[in-house]
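After this come two complexes, each holding chain A, first together with chain B and then together with chain C.
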Partner chain A sequence: MNGWMGTILRIELTSGVISKEVLDPELARDYVGGRGLAVKILLDELKMQCDPLGPENMLIFINGPLTVTGALCTGRYAVVTKSPLTGTVCSSNSGGYFPAAFKTAGYDAIIFSGKAEKPVYLWIDDDHVELRDASNIWGGDTRATYDIIRKETHKEARVACIGPAGENLVRYAAIINDASRAAARSGVGAVMGSKNLKAVAVRGTKGVKVADPEELLRSTIIADHVKKADLGIAFGEFGTPLFVDIMNANNIMPTKNFQEGFFEEGDEINGAEIIDRTLVRSKACYGCALNCGRNTRLPKDAKYQGRGDGPEYETCFSLGSNICVGDLEALTKMNYLCNEMGMDTMDAGTTLGTLMELYEKGLVKDEDMGFPLPWGDADNAIKLLTMIARNEGFGREAAMGGKYLADKYGAPEVFMGSKGQGFAGYHPRAMVGQGLLYATSPEGGNHTTGNTIQPEINGIPGPMDPLTSEGKAEMVISRQDETAFIEACGVCVFPYMLMEEGTEIIAEFYSAVVGVEHTEDDVRKIGERIFNLERLFNHGLGFTRQDDTLPERMTREPHTDGIGEGNVVPLEEMLDRYYKLRGWSGEGVPTDEKLKELGIL
Partner chain B sequence: MVMRIAFTEELCTNCHLCSMFCSLAFTKDGIFEFRPSIARIRVVENGDDTKYVAHVCLQCESPACADVCPVEALAKDPETGLVMIDEDECTGCEMCIEACEFDCLFMVDGKAVKCEVCDDPLCVRACAVNALELTEWDEESVLEQGELYKEVRL
Partner chain C sequence: MIRVTIKLSGLLRNQYKSTPSAKGEEAQLKTGSTVTDLLTQYGIGPKKAHMIMVNRQKAELTTTLRDGDEVSILPLAGGG
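So, the complex of A and B:
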């Protein structure tokens, strides 16, 4: 097959049985790969009511047909499972070098089921696949695990693993690959930990066949074009922390647990500051021309020490402005700690934000935690992050996430998220389409299922008022569908979302790789099919309109800053139109008619 | 004049696009595939992720690889000055791999392979940060690149 490797690997951890099966070409055609194909597999096979942290849950590692093909930014994979944080289906994706190794070893997906009796890791050397004892590395942080496994297997091995947070079932534990990249969200690391699976190490030497290499050579020209666009230049130079300036300038930088939209110390934690103080060098994921990654190191004379990657923008928000930490070194330290412990920086930050507000209100006290936790207290935040990952003291409670804490301590309104997952770093009160996106995303407060920055803030393709509901349902639907397709291809959303003609370009690349002509409309249709499939999955678990919510802070408390001052998110109004345009019932359920149209029924 | 692929370490981002596109030039039998493991250029990281180094043949003036080859499969082309490998002659003994102190030959499917400088090198075209360049051979830059290769081994 062009694009796909044609083989799915199955690892039944309870019995230790390893098997390989042929990828069904029809499923590949209809659901592509990544979250699309994986959700289809889950819908067909998973006992939906299962405990996400029980042996019945399935954990799928999956790349896409464009991974390692020379199209733009093709170094990604996704982890798809039933989330222990949200209870929904979830997809968490990551770049780095592991995804390319995983694909070139010859597999489109690895499906884990069951639970190993004792800690194991999976070693894949092309066709050779074996489960190995991981007792000696259980408990280790992600960098140590990476180093040890590379020594035990092959110097070219690429490793994805969990840290103590995943082992201890922290509800927002991540899977860290290449010691610094994260499939971070929705607690995929906890699912891996619940299966006693410490790591997956891979070495791949096979090739990915493509139908039309000439067309793919054009990607180098397009990459040049992306890099020369204003945003592209700034992106290459400053990485994602460039967004700190954009969000602050537009008063959508979530600050103090989303109470505000402007962070006064933004200049202390932005891309320029990273270049000045911590940057070692820029780096790219495998097969990516954009190099937005940041290899950093804390200065020798700094209060905190360490090395690693980041922070990325989302962390500048979550563990920076969101908890009022304007000290780049402290923020960077927290980022390293989350990576080493194997924890999502975003939900770690929104959990701390919830907790700091509960503390401010006097609902959580010093004696509950063993220490105070006022806004901006980086030292105690660092202490708490370690306690969360290590399952110590109050860390056990904080490990359950912000929603749990807000409910338990009697102020459910202070959790800033949707479906139990914390929001990303875009304040919806002054870009209300983003609010609709958070409310309707399959896994709640998520920034990768179709960010609305380009249309709402940067005015691409045309001017759009970020404060009103006008055109938002249409825009969010198209962003969600396009993104679903892009992610299913196993590529990074960035270049395609940066370019006005991104959907056209991904359709061309997809056609060139698989050898079947696809138009923009064709790929949007596939995206819509995937998005509806996820909705169908969640509906099967009882999720409806009553779960497509935002906290009252978004819908009732007026925005405090900038042109959006006084604004709130008109969610219900947008939802009505959104469901109608989606072809769903007023309760947000896909109709049979829609499902038939999409070929799902 | 002798041409070679020059590499500037400071610009490299470790994206591996060079080896991906290089491999495309060497796929066979009308099948096009991206298979970095057959590439004639390989990127490696140093231990602490502070250097990324693309190993690609320096086209040495007196190539050690050719000197040790027991079947004379490796030789300098008198016209282009490039070190060329005769795939049919190569027995896969790996002596050239051992002899190259710059780690610029690689084993692929039982045979040694190396960069023989394509006319319009895809690695150079694919490099988005201009870390690779098709340039004229000169001793100073070759020595410098060679030192880097000895420091960050394959």
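So, the complex of A and C:
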């Protein structure tokens, strides 16, 4: 097959049986790869009501047909499963070099089911696949695990693993690959931990066939302008923390658990500060033209010490402005800790934000935690992050996430998220389309099932008022569908979402790789099919309109000083229109007519 | 004369590193000057200023500046 490797690897962990099967070309055509193909597999095979942390849940590692081709930024893979944080289907994706190794070993997907009797890791050396004992590395952090497994297997092996947080079933545990990249969100690391699966190590040496290499090269040259455009260059220069300035200026940098949209100390934690104080070098994932990764080191005379990768913009928000930490070194230390322990920096930050507000209200006390936790207390935040990952003391409670804490301590309104997952770093009160996107995302408060920065903040392709509902339902649908397709291809969304003609370019890439002509409309339709399939999965678990919600802070509390002051998110009005345009019922359920149109029924 | 603070973000900061720092720098202008006048003083072409903020509110190249204003010049945004 052109684009796909044509083989799915199945690992039944309870029995230890390893098998290979041929990828069904029709499924590949209809659902592409990544979250699209994986959700289809889950919908067909998973016992929907299963405990996400029980042996019946399935954990799918999956790339896409454009992974490791000449298209732009092709080093991505996704982890798809039923989330222990949200109870919905989830897709968490990551870059680095592991995704390329996994594909070039010859596989489109690895499907894990069951639970190993004792800790194991999977070693794949092209066609050779075996489960190995991981007792000696269980309990180790992600850096140590990476180093040991490479020594035990091959110096060129690429490793994706969990740290103590995943082993201890922290509900927002991540899977860390290449020692610093993260399939971070929705608790995919906890699912891996629940299966006693410590790591997947891969060495791949095969090539990927493409239908029309010359056409692919031509498309790549056209797309190369993104690298040379100001925003492309700025990505490499400053990384995503560049956006601290822009989010702050637009009053959308969530601060103090989303009470505000402007962080006074934003200038202390932005891309320029990282360059001046901590940056060692910028870093790229496989096949990337942008180099947005940050390899950093804390200065020798700093209070906190360490070296690693990060922070990204999302971490500058979650463990910075959101908890009022304006100390770049403390924030970076927290980022390192999350990477080493295998934990999502975003839900770690929104959980801390929830907790600090509960503490401010006197609902959680010093005696509950063993220490105070006022806004901006980086030392105790660092202490608590370690306790969470290590399953110690109050860390056991905080490991359940912000929603759990807010419910337990009697103030559900202080959890800033949707469907149990914390929001990303874009305050919806001053960009209300993002609010609609959070509310309707299949996995709650995330920014990777679409992002409305380009239309609402940059005004591309045309001016759009970020404060009103006008045009938002249409825009969000289009962003969600386009993103679903891009992600299913196994590439990074950044260049495609940044280029005005990104959808056209990915359609060209896809056509050249698989050898079947696809227009922009064709790929949007595939994206729509994937998005509807995810909706159908969640509906099967009972999720409807009543779960497409935002906290009252977004819909009733007026926005603070700056752009959008006094604004709230007109969610219900946007939802009505959104469902109608989606062809869903007023309760947000895909109609049979829509499902037939998309070829799902 | 008026005094304003100018902050440059993103690549502007690199391209004009010898002038204002990311944290801001004070500039002197004639009374009645606009954002364009300020940019001209620093040699920044108007097309480079994708987003202009004065005192945390959106502004235009033609906005007249007042003593004590804080002007931020920002590039396009992404996400992540």
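Here is the rule we use: the second predicted complex is superposed on the first by the 595 of 601 C-alpha atoms of A that agree within 3 Å, B and C clash if a C-alpha of one lies under 4 Å from a C-alpha of the other, contacts with A are read in each partner's own complex, and residues count from 1 in each chain.
By definition in this document, a residue touches a chain if its C-beta (ideal position, glycine included) is under 8 Å from a C-beta of that chain, and two chains touch if they have at least 3 such contacts.
Small disclaimer: the values here were computed from a predicted structure and weren't measured.
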Next on the checklist: By the touch definition at the top of the document, which applies to A:Arg281: first (chain B), second (chain C), both, or neither?
Outcome noted: first
Next on the checklist: Between chain B and chain C, whom does A:Glu367 touch in the aligned arrangement: first, second, both, or neither?
Outcome noted: neither
Next on the checklist: Looking at A:Asp230 after the superposition, I want to know if it touches chain B, chain C, both of them or none. Which is it: first, second, both, neither?
Outcome noted: second
Checklist entry - If you stack the two complexes on chain A, which partner ends up touching A:Gly562: first (chain B), second (chain C), both, or neither? => result second
Checklist entry - Which partner does A:Thr69 contact after superposing on A: first (chain B), second (chain C), both, neither? => result first
Next on the checklist: In the overlaid three-chain picture, which partner chain does A:Thr240 touch, first (chain B) or second (chain C), both, or neither?
Outcome noted: second
Item to check | Which superposed partner A:Phe494 touches (first chain B, second chain C, both, neither) | outcome: second
Checklist entry - Who does A:Asp301 touch here: chain B (first), chain C (second), both, or neither? => result neither
Next on the checklist: Under the definition above, what is the set of chain B residues touching chain A in their complex?
Outcome noted: 13-17, 20-21, 23-24, 27, 31-38, 48-50, 52, 122, 125-126, 128-129
Item to check | chain A residues touching chain B - in the complex, by the definition given at the top | outcome: 68-70, 97, 100, 104, 204-213, 217, 220, 223-224, 227, 280-291, 293, 295, 307
Checklist outcome for this item: The residues of chain A that touch chain C in their complex are 230-231, 233-235, 237-238, 240, 242-243, 245-247, 249-251, 262, 267, 270-273, 292, 312-314, 424, 426, 447, 451, 453-454, 457-458, 460, 494, 497-498, 561-563
Next on the checklist: Give the list of chain C residues in touch with chain A in this complex.
Outcome noted: 7, 9-11, 13-14, 22-24, 48, 50-51, 53, 56-58, 72, 74-80
